[in-house]
Amino acid sequence: MARPKKTRRRRTSLIIPHRRTLPGAPAGTIAVDPSAPKSVVTVMAFGPDDFVERQLDDVGTLKGLLVSHPVVWVNVDGLGDAAMLTALGEALGLHALAMEDVVNVHQRPKLEEYEDHVYLVLRMAPWGEAQTTEQLSVFLGNKWVVTFQEEAGDCFDPVRERVRRARGKLRHLSADHLAHALIDAAIDDYFPVLEKLSDELDTIEEEILQRPTRHVPERLLEKRHRLLGLKRALWPLRDALAVLTRDETALVGDEARVYLRDCADHVVQLLDMVESYREIVGSLMDVYLSSVSRTMNEIMKVLTVIATIFIPLTFIAGIYGMNFDPDRSPLNMPELRWAYGYPFSLGVMLATALGLLYYFRRKGWLGEQKASGGQE
Amino acid sequence: MARPKKTRRRRTSLIIPHRRTLPGAPAGTIAVDPSAPKSVVTVMAFGPDDFVERQLDDVGTLKGLLVSHPVVWVNVDGLGDAAMLTALGEALGLHALAMEDVVNVHQRPKLEEYEDHVYLVLRMAPWGEAQTTEQLSVFLGNKWVVTFQEEAGDCFDPVRERVRRARGKLRHLSADHLAHALIDAAIDDYFPVLEKLSDELDTIEEEILQRPTRHVPERLLEKRHRLLGLKRALWPLRDALAVLTRDETALVGDEARVYLRDCADHVVQLLDMVESYREIVGSLMDVYLSSVSRTMNEIMKVLTVIATIFIPLTFIAGIYGMNFDPDRSPLNMPELRWAYGYPFSLGVMLATALGLLYYFRRKGWLGEQKASGGQE
Amino acid sequence: MARPKKTRRRRTSLIIPHRRTLPGAPAGTIAVDPSAPKSVVTVMAFGPDDFVERQLDDVGTLKGLLVSHPVVWVNVDGLGDAAMLTALGEALGLHALAMEDVVNVHQRPKLEEYEDHVYLVLRMAPWGEAQTTEQLSVFLGNKWVVTFQEEAGDCFDPVRERVRRARGKLRHLSADHLAHALIDAAIDDYFPVLEKLSDELDTIEEEILQRPTRHVPERLLEKRHRLLGLKRALWPLRDALAVLTRDETALVGDEARVYLRDCADHVVQLLDMVESYREIVGSLMDVYLSSVSRTMNEIMKVLTVIATIFIPLTFIAGIYGMNFDPDRSPLNMPELRWAYGYPFSLGVMLATALGLLYYFRRKGWLGEQKASGGQE
Amino acid sequence: MARPKKTRRRRTSLIIPHRRTLPGAPAGTIAVDPSAPKSVVTVMAFGPDDFVERQLDDVGTLKGLLVSHPVVWVNVDGLGDAAMLTALGEALGLHALAMEDVVNVHQRPKLEEYEDHVYLVLRMAPWGEAQTTEQLSVFLGNKWVVTFQEEAGDCFDPVRERVRRARGKLRHLSADHLAHALIDAAIDDYFPVLEKLSDELDTIEEEILQRPTRHVPERLLEKRHRLLGLKRALWPLRDALAVLTRDETALVGDEARVYLRDCADHVVQLLDMVESYREIVGSLMDVYLSSVSRTMNEIMKVLTVIATIFIPLTFIAGIYGMNFDPDRSPLNMPELRWAYGYPFSLGVMLATALGLLYYFRRKGWLGEQKASGGQE
Amino acid sequence: MARPKKTRRRRTSLIIPHRRTLPGAPAGTIAVDPSAPKSVVTVMAFGPDDFVERQLDDVGTLKGLLVSHPVVWVNVDGLGDAAMLTALGEALGLHALAMEDVVNVHQRPKLEEYEDHVYLVLRMAPWGEAQTTEQLSVFLGNKWVVTFQEEAGDCFDPVRERVRRARGKLRHLSADHLAHALIDAAIDDYFPVLEKLSDELDTIEEEILQRPTRHVPERLLEKRHRLLGLKRALWPLRDALAVLTRDETALVGDEARVYLRDCADHVVQLLDMVESYREIVGSLMDVYLSSVSRTMNEIMKVLTVIATIFIPLTFIAGIYGMNFDPDRSPLNMPELRWAYGYPFSLGVMLATALGLLYYFRRKGWLGEQKASGGQE
């Protein structure tokens, strides 16, 4: 009973949830998932000397903050509140098509450039047992950054601390640097995920080389699914960041562009790892299959050696177990009455067995392990 | 009897029907399939305040509608009526080569730009058991859209409702927006198809991991065929839409272009899923094959263990079943007359059996499941 | 004896015949194959109102035709006559390198642009048992088209009829339209070849799924060879036509260019099919191999079930076939003299057999078909 | 003893010989292989009416020839003479990096353009048993061509004859045409190599389809190695020639450029064959493996049929070979004393055997060949 | 105990060490690995006539050297000293992001261009048992080169000697030539690594063809891991050098650019080898698997031949070992009392055995080696 559920969970990163926007509905429709968590909106507005952090219940108060502070970061946890999302989108002028994508939470990472803002979709590194990648929508405007997350809980706490405690230069910089800090945090969060996966592959490799169990293919399949999920989350992100670091949009300054190039570089490094691990999974499967074949060979050898030695011997014993009547004719099994009949028959059996053993040894079917052990 | 038919049906998305245009015929010949359904032409003409919907029997009346309404949509269901198709093509100035492709219903998706209209071929999402993708031809002119479908029944009803009820802004927009709405509907119709396929792959995966049957390869083959069909329907569509969203044609306005970019994005997302599923099908096949090998190993182990234990025992029993005459010589099977001959022989058998069992246990051929069960 | 020949024939589309031009010979040498058929040259010269068709024995008469008619088509069947080829090449100013390629009949399709003419190499669709692709060389000049074929017999008869009977507009058009008509006919001739191949793959698939024979790999290999040959004939043709439809040469007018684009589109469609079929051949091989494994499994199961049931039983029978003398000691096989000894031993055998059957049933080695039958 | 040597020889085309230039040595060092053959330098200087051919012992005399003749070809066989190479390099102003590559004879083909000369590395077609590709360095200057070969013996004799006998136009043309003639000869020399390989693959295919031996994988491996070597020799050459045929260097005139384009075309054709053969080798391996599986199946079927028929029969015979004493009890093997006991037991055996045969026939394990023979 | 450690060591080139920079930390943080060796800084400053080499303890003294000498090379062994690294970075104006990458020692090779310096990351050729690739960071400024290595010990001693002894022209050249000399040394150091790997693959191939042991897959897996590591070290380096050899940065002069192009060429050659070896590893695995299958076939043949011959014979012997009482009925085993019963039964056995042998010989299951031996 527990099993199917687990299987389903494992595949989650690949499953397509049912799109809520129906085919044929006007593009730009915000179709909220009724089971999505309630939206919680928090605002951080800051400048070099000033800092406000609060929960936002009325979108109307945002205007004031945008006037009074150089940079405003609006973070939305939970996408269940259509009214709030619509109000927010209108207050900041977010494009309707982008807002539609925000709530259709299984977008590929992509970058959309609109007139006065940029929309970047990322997928956050998969944590927990479910291995799902949560969708992160980042809007970058002139003075503000808006982020939408599917659920509460993220990897941005260090960034928040840097803003709160005025650590680093973040409080002195413009909105594009804040966007960079968030994107950078989201990307770097993939490294420990891949480090863990690397350790797991190591464990599987050791197991395959030492005592492969029948669960290996299943476990490699699961790794393959996860790597496929990671590739799908990172590959389009590479392209999206490449577009962002080209000179096109005025929203990203030259200095932030250099830092974003560094982010793009991290994504390439992650993808390089993912590809390597995918290849390793493939070759581990090969080695596993060859070890299965080898085991089969060994089993067959033992069967063959024992069966082919004893089958002829049993036949010889069978011969002398026949009940032909030696009284009727001197041709009828005279051996049975020879004085040395029994030792002679045992001798024939022994000779047969030794002959076969010699044949097998010459074939190399005995003691393969010892012979090859010295070669490693 | 039912089986071959089913097989044939399943492959339909890949089969090439016989081209009706003979090799060597002049290009631009409209060669109607005699078995194609009769053409039924419906027209929707509308503006912000006005709306006409009717079946079109005489192409001549189209002129008037084009004058009186900002946007006219002509939809043709069924391609069996050469005269009607020719008349329509001439009335709107559709290019002869394009009209030839309209009736040769197994085109790859493509975009052809002519002087005053654009011709886009799509394939509609495969529904029903046959899994065929119906060809949809979309012509976009300055004030009109013409669509040709192989059969009645499509995914455009929501668009029709939006026009009829003046829902959304469609009634206020130009022909390019109508074209977008239709293309968008046709593309989004693929999502539920892929969702269904994802569920089916899930089911197969569970089955493979728990109790693989011999129908797995056949079912994976069928999935592979379907994914190949989907890829062939979507891959060229991506390129066609990319051309359409570039700045080249004046028939598509800037705003509609942004929306079409969104369509193109959906196609990329669909292709991404198709590629992932293709990869999953491949790895499921691998896991299935490894499980077949494993089963074979298990069978061989049981055979080997039982056969190699009993074959030597039977040999020993055979020895003492021989009829050498102990009366003739003290060397002839004296054991038969020993007081403890029988228990002694049973003891030898028992020792042999235990020795072999010990050997097998050391090899790990007994109780593999239990041993590895603890590792998962 | 018949077999090797057949094998050789099948591979023909891949074999490289010995180049007649020796390495180190000056480039541009016309090295005629001595076994090639005699060249037969026919000319069709036509204009809107005029039409001449005759066999050409003296190249000198060509000049007159070129002056008197808007379009002249020279067709050469058979490449065995070096003198004729050289004369023709010189009369029309065909480039020496091109003429060398005309007689080296295993060129890849390609396009060469020279100062005042264009040279296109195609391979004609493979018909007949040999499945060879005949080389077709098309030269397009300002007012003339020259075609070279390896043998008589081609797919151009419908074009010839269109010229002879003044069907369509061909008589009114320039030489580039004639070239298009010929290229179009040659390309469209591939469609029925692929349709036939599709049917054959369907048959093989049905066979694999229902009762795979040992000839499947051989037949799939043959299909793979043929598809490889088709790919090699079509892939470079796509590039050649792409070059021809770009704006570079003045020999092709704008209208003919649109029609050639349509040809190029057909080639892409053909390649798309070829790639799909190549993939299908691959997955059919996979399914075949898995079915071979499955059959093996089934055979092993039957062997294992019967052998492991009867081997222990035979051992028990062997025990009571031993000749230990019960007279010598009460320990020597007292069972033989028990009143219920025989029924008891039969009972032990029955119990052993039932126990093993229960074990096998629990393993799922009995009645797999029935169990899984309900799942499909 | 002979075997390892053969293996080593076969791999030669892939082995990397130890670079003589040590890591960290200044770039441009001429590090001569001490075991390389002595350098033999021959010069051919010619113009339309003039022709000199002689061995060059003193590099100083080269100057005079360069003044007196329009074209000078210096050919060096053997790279063992550092002094001579250095002198030659300085006399003609060859770049130090290029000279370093000349003696490091395992370069990939490449083109280097220097100020007043061009340096092309080719690999000559592999002949002989060793299947090594000899390095050919071609320098093209304004009035001269220099070629360096590892050993004496090449494919340039036809070119030499054309110069000596003033055959063709070569004596009237500039140095770039000479370079073309040499490159053309070197490339065309690959065709017969591939023709031979094609024949060998044909032979292996026939063998696999008729009676596969265990040497097939080894032979396919050798073919794969050779094809890999050919690919490595030709692939970069394609790029090198593509650069040479672009308009960049003034050393190659327009006419020679057309001829070099023809060379490049031959390389593409060769690569196309190499790729096809690589694919064929792969599919032959597949078919071989499937035939190995099939053989296994057949063996298992015979074993299973015979073993499962006779094992139960032997059991029945074993039953009636038991020694239970019928005197002690009427239950003890009364059959032994029945009048029809023996025929009855034989009948039971016969029935068992027939039943099993029927089962096997229904499974299709008997007479597969005949059944499927009719389908081909 | 020793095994897991070895496995871990072998994978090192692929493992991702835990990044020390935490996700969310400001970009540009120098996070030193506490276990990294202490930094040892050495300086070589030189001009045509002047040369200083010393250990640098105080970064402040660097200024003077930069003024007094045309070229300064600062080499840092060990990255454990954050203060020293920061001081050095600030003294030369190295970019903070670059310094962050210097201490995160598992960068992919890459090139970063900053305003007045260029930063190149390479990985040094893997030596020793661990097969790890040490990170080498090269900064090139106007008059200086800075290199950072993870540990002491490198391949630069020949370069140092050339500077110390004024061998070659290095002392007369600018900083870009020094950078080239170092990069060239680092790249050429890969050649012997690949030469060793080539020899090892040769050994494995011989072993597979002659007597494959069960360690082959494991050893091929290890080679595959190493080749993957090499590919990951070299592939991005190719791109990095391609950028460096384009005309973009003024820090590299035209002459040095030619030499760097030569380096890039070496990287391409290395990658070409790596790809070839990867392909060879793949085909060796194929051949190994086919040899495992073949061995299985041979084992099965022996088993089948011996078992199927003796099983029927044993059955016949079993028949005549039955104890039916001939006294009770003339139908009860009359053969037992025939005069020629025993020879007759032996004759039947012999005939059976010969019949089966004939069948097996016709099947080709006897003497395969001899039959095929003549074909090689």
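Order as written gives the chain letters A, B, C, D and E; numbering starts at 1 within each chain.
By definition in this document, a contact is a pair of C-beta atoms (placed from the backbone, for glycine too) under 8 Å apart; a residue touches a chain by one contact, two chains touch by 3 or more.
The shown structure was predicted, so the numbers you read here are calculated from the model rather than taken from an experiment.
Visitor: Can you name the chains that touch subunit A as well as subunit E?
Guide: A chain counts here if it touches both subunit A and subunit E, and no chain qualifies.
Visitor: What whole-number Å value describes the gap between the mean CA coordinates of subunit D and subunit E?
Guide: Centres of subunit D and subunit E (C-alpha means) sit 24 Å apart.
Visitor: Which subunit D residues reach two or more other chains?
Guide: 293, 296, 300, 303, 307, 311, 314, 318, 321-323, 333
Visitor: What's the ring order, kicking off at subunit C and moving to subunit D?
Guide: Order round the ring from subunit C, first step to subunit D: C, D, E, A, B.
Visitor: Would you pull the subunit C residues touching subunit B in the complex into a rising list?
Guide: On the subunit C side, the touching residues are 155-159, 162, 167-170, 180-181, 184-185, 188-189, 191-192, 194-195, 198, 202, 205-206, 209-210, 258-259, 262, 265, 268-269, 272-273, 276, 279-280, 283-284, 286-287, 289-291, 293-294, 296-297, 300-301, 303-304, 307-308, 311-312, 314-315, 318-319, 321-325, 328-329, 331-333, 363-365, 368-369, 371-372, 375-376.
Visitor: Show me the residue ranges of subunit B that touch subunit C in the complex, using the header's touch definition.
Guide: Interface residues on subunit B, with respect to subunit C: 3-4, 7-8, 11, 14-19, 21-27, 97, 107-108, 110, 207, 211, 213-215, 217-218, 221, 224-225, 228, 232, 236, 285, 288-289, 292-293, 295-296, 298-300, 302-303, 306-307, 310-311, 313-314, 317-318, 320-323, 333, 335-343, 345.
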